[in-house]
């Protein structure tokens, strides 16, 4: 019996030792002139798809910078390396991994995870460890009223997502008056819904339906029946890709017609059009960026959106959508801040980020004292017979908004 | 109408089935009552009624002057009534001592006994029933006779005034039966009233002060063991009418 | 008087307590990753210790103990959001009170159920509570709460250590006390236990209340440390299933089992993470399958298995069809 | 009032899917006393089978029903025969965790092959609908309900009329007695688990017609299996059907009139009430819990 007990004890000791010594040999550090960025990003779990899009945006920037002489700091050219870790789409895992990236992998700076909840926990860690974090995929404004000094967001906050569509709707004849809003019950989507409701009320539109449904639900027929009974001119949904797909299918199935179908997330991702086929036509989508944007970016990176879209398409085989673009923009914020600070000291780079004011292909990057990008307008895309066209604001239009949306029965 | 334990016109119906029909008898303090009857005569049902597991359809059971209504199972032992089960139910993943200790902890005066005192009480009881040698073994490793002794020890741990023994000697061979009888005498000697349900007439005859015989739920005889066991009605109930007739012809 | 089978293998217990004491010094390494990792182990160990009381000792396998953890996080978050209270001790006490209250209220009807039905009822409670909480505006509804952590961040580590140590001590004391034997008696054979004077309902509800208190306390400390709480995080499936896997791995119905399981599972998860970032969850699933198939009774249970290696071989395939 | 009828119809239609999902779950639980947490991932595999057949060879999903059933049956048979049979008589805790591990494995293998992106099947007839008296009904959901009823009837016939079916019911009643009368239990368990998986696959195909697909889509359907089995009672085919329809209607009416945000909570609270007052479910026979 004795040897069995000893065996058991050895097993315990190994387990204990293993736990405390999971140090991974630190990758290339700043010593051999490489700037290391850490990114806790979903590779598994519910956000796996959006996590992959974010990674494409980050990698595109990394490869571009490394093949164009890297970043100049104090006269020396530094290569760039992004260290990834899978946060399984779980907020507390994202927090754990940011701590690991900083303490174990000795990364210089942090690039944000995907999703508002994950960004919120990661921001708290960045604040505590005093390591600057720039993110492009956590839109919930609530993250930014915690007084955090080390977190910066290049994208517009959640509450703006659907406001562009309502702004556009005011310019269309005959002007749609009644709005139905459905939101998934999670941090980002709730904020999107609130933003839309506030904007509609402030601009003379009446909200005839405003209800939540459980996040990751498999069935929205109750919500759709409610919307049908309200018979609105505009149907808006605050939610992610899966909810957008489910809602659009159910709206068709219950033959619910409206002049405008608007989604916060969905229409831009290629999956949406591939899955729904012609049922995706006429749908409007709030978007942070579109290839038709006419900004002239500062030197050091691709300045023109069309060139960015073309290069991206060559590398990844699909036109970039806003998740890709906003991720690259997050990296650009670091690039220009590091060059401005001319140092890798986290405090100096943070201050440079705070004072940053630069134009990029994605738009102007200028942060208020809460860390939100002040100049980030939302654009509106529409799927017109299978193609994603930018229809609002007028400055970046490459097609007129197709309005009103015909009844399901009248579609070809 | 003894003040200690009396069964008054107890009847127990399960739907149409009359398991017990108007059964009455008394048990004096310190007595040993043998309860016999062919299979299906209602013996175990009566045990369940006395130990408060079943509430009788008619009549009642009076113990120490108090009527036992449908007392929840865990409160029965606090009245002073303990019982063993035909199907033995040890706690497999506890040692023999721990099995008995649970009874000592939660029995009639378990509340004024700590864990340690309960273990000591359990050790005493194991010595009485002759299981001291296996006190540390897992209950699931015991032989059948030892499991029966464990059942008795656990019942005794509840400090009962009345102990109901449901076929404790079934399946034991001759020497084990004698040892069991010896054990019951010592237990009775310590002032515990016994109600013994058995099929071994020899055991019943040697241990019981009085015997009650049940057949099809009715009491057909009561009295001293020798007299009851010889009475033709009892034999007929057990061995069937033909055997009884042949007995009558043979007798001078 | 040996401790008997109820506290589990004594030597393993001493070693595990040694590891627990060692874990107390992790903050001195000034590496916030180790601290976060250590706090995770202590949190899961506490949840596993809590589950072990109702699932391991009493034999009522609850698949919904996360409801107490979740309500514990929300109690702590609400204390900050509405009353600006950051005091961890206050949060822990309130969270335990909430947990115990829920366990007592729901316990009587739910604990009448047995086996799968009890498991489903508890899972149902956890999922329903998650969705109800996500619709209560006072609790931040869908968007959740941000909680401002204390400046002295290591306080959360020490708080979790204390909660875990207290839970383990409580389990040890219960295992040696009359209460422990009542619970095990119920697990082994509830009817026989009742005959011996153990009131099943009273002791089952007590066990679940203790379980709830431990889970609630862990939740309260987690809320402060995690800085952001929403319904999916507070009532995450992981906090429901990992504690059970850990108790199984370490040894169900033992004192040291949960912490040992927490250590081993975290070690496996961490090594998988760093070496196989893309497919670690897949490996994790495989590990669970293998452990359950070949170690159905868990490692620590093995250590006091009767019969050494022969016993080990016998336990493999013991439940074959 | 029209909203009420629309919700009622929605509930019945989705109830059909719930019934088929629960049928397999109820079989495995009722007969082998195993809670199969991997059931959701089998549903997902069924959906992906339909997707692969549809996207590569344009096979109409309804035609891929038998293919998905057979594939999943084989897969389920092997899992039971070589993995679960190893611990099938272990306490519920062990089999529960074993199937949880299996589910993790299956979901992540599919994630590795198909990546996380959301897929979907849009046929020309998906979304087509008709309306009677103001209530709009999608054709796809109607066909799904009819197929669900057919599958239930087929299952009932199989269990009552075929030799294997009777052997299965005998094993459910008393394993040892069945074994004594010559039933090869290990093989039979594998058949039962295979059937469970096959039915889950079929449910997956039906689901792929109305819902979008991604690797972790199966998880909510395990809860569905639980709730329907409890509402309808274990081990009875009619129970699964009734439980599914009742669950669908409760969820539809509950979310419409109590709150769309509380959709699942309403159904779960009903589950708790049924569990407390009728622990064996509405129709259930008193099988071993």
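In this document, chain identifiers A, B, C and D correspond to the written order of the chains, with residue numbering beginning at 1 in each.
To be clear about the criterion, a residue touches a chain if its C-beta (ideal position, glycine included) is under 8 Å from a C-beta of that chain, and two chains touch if they have at least 3 such contacts.
Note that the coordinates shown come from a computational prediction; the quantities given were computed from them, not determined experimentally.
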| item | value |
| --- | --- |
| Any chain that touches chain D and chain C | A |
| B-C or A-D, whichever has more C-beta pairs in contact | A-D |
| Chain nearest the global centroid, as defined over all protein CA atoms shown | C |
| Whole-Å separation of chain centres (CA-atom averages), chain B against chain D | 51 |
| CA centroid of chain B to CA centroid of chain C, Å | 44 |
| Whole-Å gap between the CA centroids of chain A and chain C | 35 |
| Contacts with 2+ other chains: residues of chain C | 131, 134-135, 142, 278, 281 |
| Contacts with 2+ other chains: residues of chain D | 108, 259, 261, 263-264 |
| Inter-chain touch pairs (all) | A-C, A-D, B-C, C-D |
| Interface residues, chain B side, partner chain C - complex | 72-78, 83, 85, 89-95, 97-98, 101-103, 105-108, 110, 114-116, 118-119, 136, 138, 141, 154, 157-158 |
| Complex contacts: residues of chain A adjacent to chain C | 1, 3-5, 8-9, 11-16, 18-20, 22, 24, 43-44, 84-86, 88, 90-92, 95-96, 99-100, 102-104, 117, 120-121, 124-125, 128-129, 140, 142-143, 146, 183-187, 189-191, 212, 214-215 |
| Chain A - residues contacting chain D, complex | 44-49, 51-52, 182, 185, 211-214, 216-219, 221-223, 225-226, 228-229, 241-242, 245-246, 249, 252-255, 271, 274-277, 279, 408 |
| In the complex, chain D residues that touch chain C | 29, 33, 35, 83, 85-94, 96-98, 100-106, 108-109, 112, 185-186, 189, 223, 226-227, 230, 259, 261-265, 268-269, 271-272, 275-276, 279, 289 |
| Residue ranges of chain C in contact with chain A within the complex | 9, 11-12, 15-16, 19, 22, 26, 31-37, 40-41, 131, 134-135, 141-144, 146, 148-149, 153, 222, 226-228, 230-233, 236, 238, 260, 263-264, 266-267, 270-271, 273-274, 277-278, 280-281, 299-300, 302-303, 305, 308-309, 312 |
